[in-house]
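Heads up, there are several structures right after this.
What follows is subunit A paired twice: with subunit B in the first complex and subunit C in the second.
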Partner chain A sequence: MKNKQTHILLAVFIAITVLPILAGFIYAALSAFGLAGYLGNGFTWMYWQQAFDMQVLPAIGFYSLAITCVVLFLATIFGMFVVLYFKEKTQSGVLSYLLYLPMAIPLIAAASLTLHFLGNAGLLARFAYMLNLIESPGDFPDMVQDKWSIGIVITHTIIAAAYFSILFSAIFKQNAIQAYMDAAHTLGAGKKQVVRKIVLPLVLNKALPSIILYGVFIFGSYEVPMLLGQQEPQMISVSIAQKFTRYNLADVPVAYALASMYTIVVVGVLFILYKKGKLIHEVE
Partner chain B sequence: MRWNKHIVFAFGMVFLLLPIALLLMLAFATEWRFPDVLPAAYTLDHAKLAFSGGRGIMSPLILSLGIGALVSITCVALALFVSRMIALHPKRNLLLFIAYLPFVLSPVIYAACVNYYFVLFGWSGTFMGICIAQSILIFPYNVILFQSHWNNSMEAYGQLSATLGAGKWQTWRYVWLPMSKQMVLIALFQSFIVSWFEFGLTNFIGAGKVQTLTIRVYQYIGEANIYLAAFSSLILILPPLVLLWINKKFVLRNY
Partner chain C sequence: MHLIAQDIHKRFGNEAVLQGIHMSIQQGHTLSILGKSGCGKTTLLKILAGLIPADSGKVLLEDIDVTQTAPQVRQIVYLYQEPLLFPHLTVFDNIAFGLRIRKLPEDEVHQQTFNMLDALGMRMHSDKRPSALSGGQRQRVAFGRAIVIKPKVLLLDEPFGSLDAETRQQMQSLFKQLVGTYQITSVFVTHDIKEALLMGDHFSFMRNGTLTTYGDKSQFMQDKETGVAQELQFWQNIV
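And now, the complex of A and B:
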């Protein structure tokens, strides 16, 4: 009886979780090899070669990775600063609530807000005009849909920094890091030494799996780069989604090839975390 | 030094509140022309227009609420039972690794990969299709969320109840379910937020036929209708603000 229940529940889990991923990946891979879909005329490497030959993969892969690394770096610094500078205020009081605000804004609205803040006719440009720094919207430097992806980085960094502040604050509290800091101060360590040798290793070590998972999320983010990014290069989700919606059917198998590679990379990252025991914690 | 801290703190507060302030300003502005920093006047016209039907937000709002409620209730109910089975399963870690996969993948890429099957089964562009598509993200999320809930203490209560003569269903009904009430509420709230915010997957599987609130906001942005986009965004952030507050109150207190 117990076994039967277990099998039924396991079947439910597999049907909802494993089956769609597996079926989706198999179809994507088959389409990319020319074995399924509208252009499935027999096995071919052509679509995979196109993905590489056009330097699509290096462009979007490195671009997405670069954005991810910059955002994670900036957000980690901001998050650490907030926690170290405000300490207990991040755990109770107004700040502890306000830190949730950036996460309460859907990404589509966050991207739209960035347009209103940083666009050529946005709030910042209006202040610049008021201060006689610019004469027309065209004089304001491009900060959205620009070649440096400033808008994407700023939007993601604000949300990530808020999340990391909450995460670091919780780790700070849970691991009694303040006590270690006090002990180090008593033993004569300077402020910088305490941060470098105690706070950073302790907090980052605990937070690393969450930071990496957040990195995977930014790497595949869609709404923000869709509204704030340039036409070329594009982040991976935008590039793949656009290839699916274009009229050129030949783009579809290339998009499947990219989607397959993306899936392999993400599963690989997750698998490394799993193997290192950083993904799943034992419950007591 | 103390003053510096106050200034940085105040600056931080303003910085965090500014997006909401800008949304409020745009949602009720008559017009916001360059180079004015503030709108010339304020109006309720956009709010009236938004709720007037037609291209307003009333039907997307109801649809989003419906999808969110249906998906979160179904996924949480299923995940409550499945998560306990996984917590006790010898291959627990492997099953949890699998459960992580759907929600670390980009929803839009995931949608692109499974879309073929949705078209094949006639689910593409339907309410049921969106519910199924969101469930394959939200269900595994709940399975992971419930893992910390099935700890040794919960098992001990189950064993105690069995020792006292309770059957499996009695243990569920009188022990585990009452003890899970708070966790179930948190899971419902979080699942609702994930569904409420969902855009990429819903847009892809919905094929333009299922218009949730996030999709309507995107359309307003595309049409450069900044006032309706701002007003709809305000509506969009209301439930998450309430839910995040509740979430913080219950979840992170014990983190």
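And now, the complex of A and C:
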């Protein structure tokens, strides 16, 4: 009886969560192959070839991946520094509340704040102008909608660093990392050796699934690159969204092709994560 | 004297955890410290290891003041109740950890590590992760990891507290054998009267942040505060 109930609940869960997404993915793939939608005139590779021929996919793929890797790298360093330097203060007191603050700000609001702070007409530019560091606010170096994507990286890094600090702090507490550090110290390991040989492997091994999931989130982020990114190259979500909203209907199946590929990549990452999760479980 | 603690004081907030601790140990001897939970035993060991600073007082090792010396250069190893084997390393790598930190040649690391694994009876488990070992085996490896670097002092904080009675007995024998073989100077902290008597060459009793050291075993046993006399009386009544 209980078994039957479990199966029914599982079926309902799949019907609500998996089926709509799967149906959407199938429709997107069929549209990209010319088998559905306004331009569904029979099977074709044309829309996939357009995505590749224009080098759109490689450009936005590498660009999105590069932004993701830089943000994860910076946020990991920052999060690790906060936890190692402040230790218990990240688990209680003012700092523990402050760390939640960046995550409470909606991404679109965070992106606008960055725009108003770092833009050519922003607060920092005006401040530099007031101090006679630049001749006009327009002389302020480009940090939003710039070729190095500084605004995107800063905005994402601030939020990711706060999240990673909380994540690492919880791992520190739950896994008695301080006790391992003390043990390594009395065995003769210096501070840098303890961080390199004990803290990083222990914490990153535990945090890896969350870090990768956060990477998937940054990889597919929309609001921040939409406001702070340049026209070319674009991050993947911005590029797909623009193709969907253009007047040229022929762009829609291309957008579906990109969205399908993006979904396949994300599902692939989640599958690897699932396997990795199993491996971590076996080691423990 | 090999290790000396002079007038150690430590407070946490308003609570005075250690109130003028004096102690000394000769080279190759074991000092048993008996005390209930919360009496300051762990704080004392952590100060001796350099893991937390004392508010006042001195720690002398081989007549050198090491009070301000960092834990990694003191050569005083602190063993917890939990073995704290590094979970991402194999048994071999755990034992070799301290040797590799000291940048010994790899062939020497292998030789010393395998010798220690043989002494512990753990050679067949050398490639296993700590999670694949029993509680007693983990504690053996923790001993090996500490002793292989030939520390000047070994501090043991209720190391067998989480083991079952039989394994505990085996580990007590192994400890006695290892400290004898390697001439280790050690401080053994426990709340178990029998274990304190079995492990120590000298005996102290800790209560409310103060330490009483006894001239010999009989003085330790006769002091009513230690509870040894009551324990003996209990067993005599049963017999």
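A few remarks follow.
The working rule: the second predicted complex is superposed on the first by the 272 of 284 C-alpha atoms of A that agree within 3 Å, B and C clash if a C-alpha of one lies under 4 Å from a C-alpha of the other, contacts with A are read in each partner's own complex, and residues count from 1 in each chain.
We take it that contacts are C-beta pairs under 8 Å (C-beta built on N, C-alpha and C of every residue); 3 or more make two chains touch, one makes a residue touch a chain.
In this text the structure is predicted, and so the values were computed from the model without any measurement.
Bringing the complexes onto one copy of subunit A puts subunit B beside subunit C with no clash. In the superposed model, A:Thr186 makes contact with subunit C only, not with subunit B. When the two complexes are overlaid on their common chain A, residue A:His116 makes contact with subunit B while staying clear of subunit C.
Of the two partner chains, subunit B is the only one that A:Gly24 touches; subunit C does not reach it. Put subunit B and subunit C next to each other and count what each touches on subunit A; the higher total goes to B. Touch criterion met: A:Leu202 reaches subunit C, while subunit B stays clear of it. Across the overlaid complexes, the C-alpha centre of subunit A sees subunit B and subunit C at an angle of 90°, to the nearest 10.
When the shared chain is aligned, no partner comes close enough to touch A:Leu131: not subunit B, not subunit C.
Measuring only between alpha carbons, the smallest separation of subunit B from subunit C in this overlay is 15 Å. Shared contact residues on subunit A (touching subunit B in one structure, subunit C in the other): 283-284. Considering their complex, residues 46, 49-51, 70-78, 80, 82, 84, 86-88, 97-98, 101-102, 129, 131, 145-146, 149 of subunit C touch subunit A. Residues of subunit A that touch subunit B in their complex: 5-6, 9-10, 12-13, 16-18, 20-21, 23-25, 27-28, 36-37, 82, 85-86, 89, 94-110, 112-113, 115-117, 121, 123, 125-127, 129-130, 137, 162, 166, 170, 173-174, 213, 216-217, 219-223, 227, 236-237, 240-241, 244, 255-256, 259, 262-263, 266-267, 270-271, 274, 279-280, 283-284. Partner subunit A is touched in their complex by these residues of subunit B: 5, 8-9, 12-13, 16-17, 19-20, 22-23, 26, 34-37, 78, 81-82, 85-87, 89, 92-93, 95-102, 104-110, 112-117, 135-136, 139-140, 143, 147-148, 150-152, 196-197, 199-200, 204, 214, 217-218, 221, 226, 229-230, 233, 236-237, 240-241, 244-245, 248, 252, 255.
Put simply, subunit A touches subunit C in their complex at residues 176, 179-180, 182-190, 193, 197-198, 201-202, 205, 283-284.
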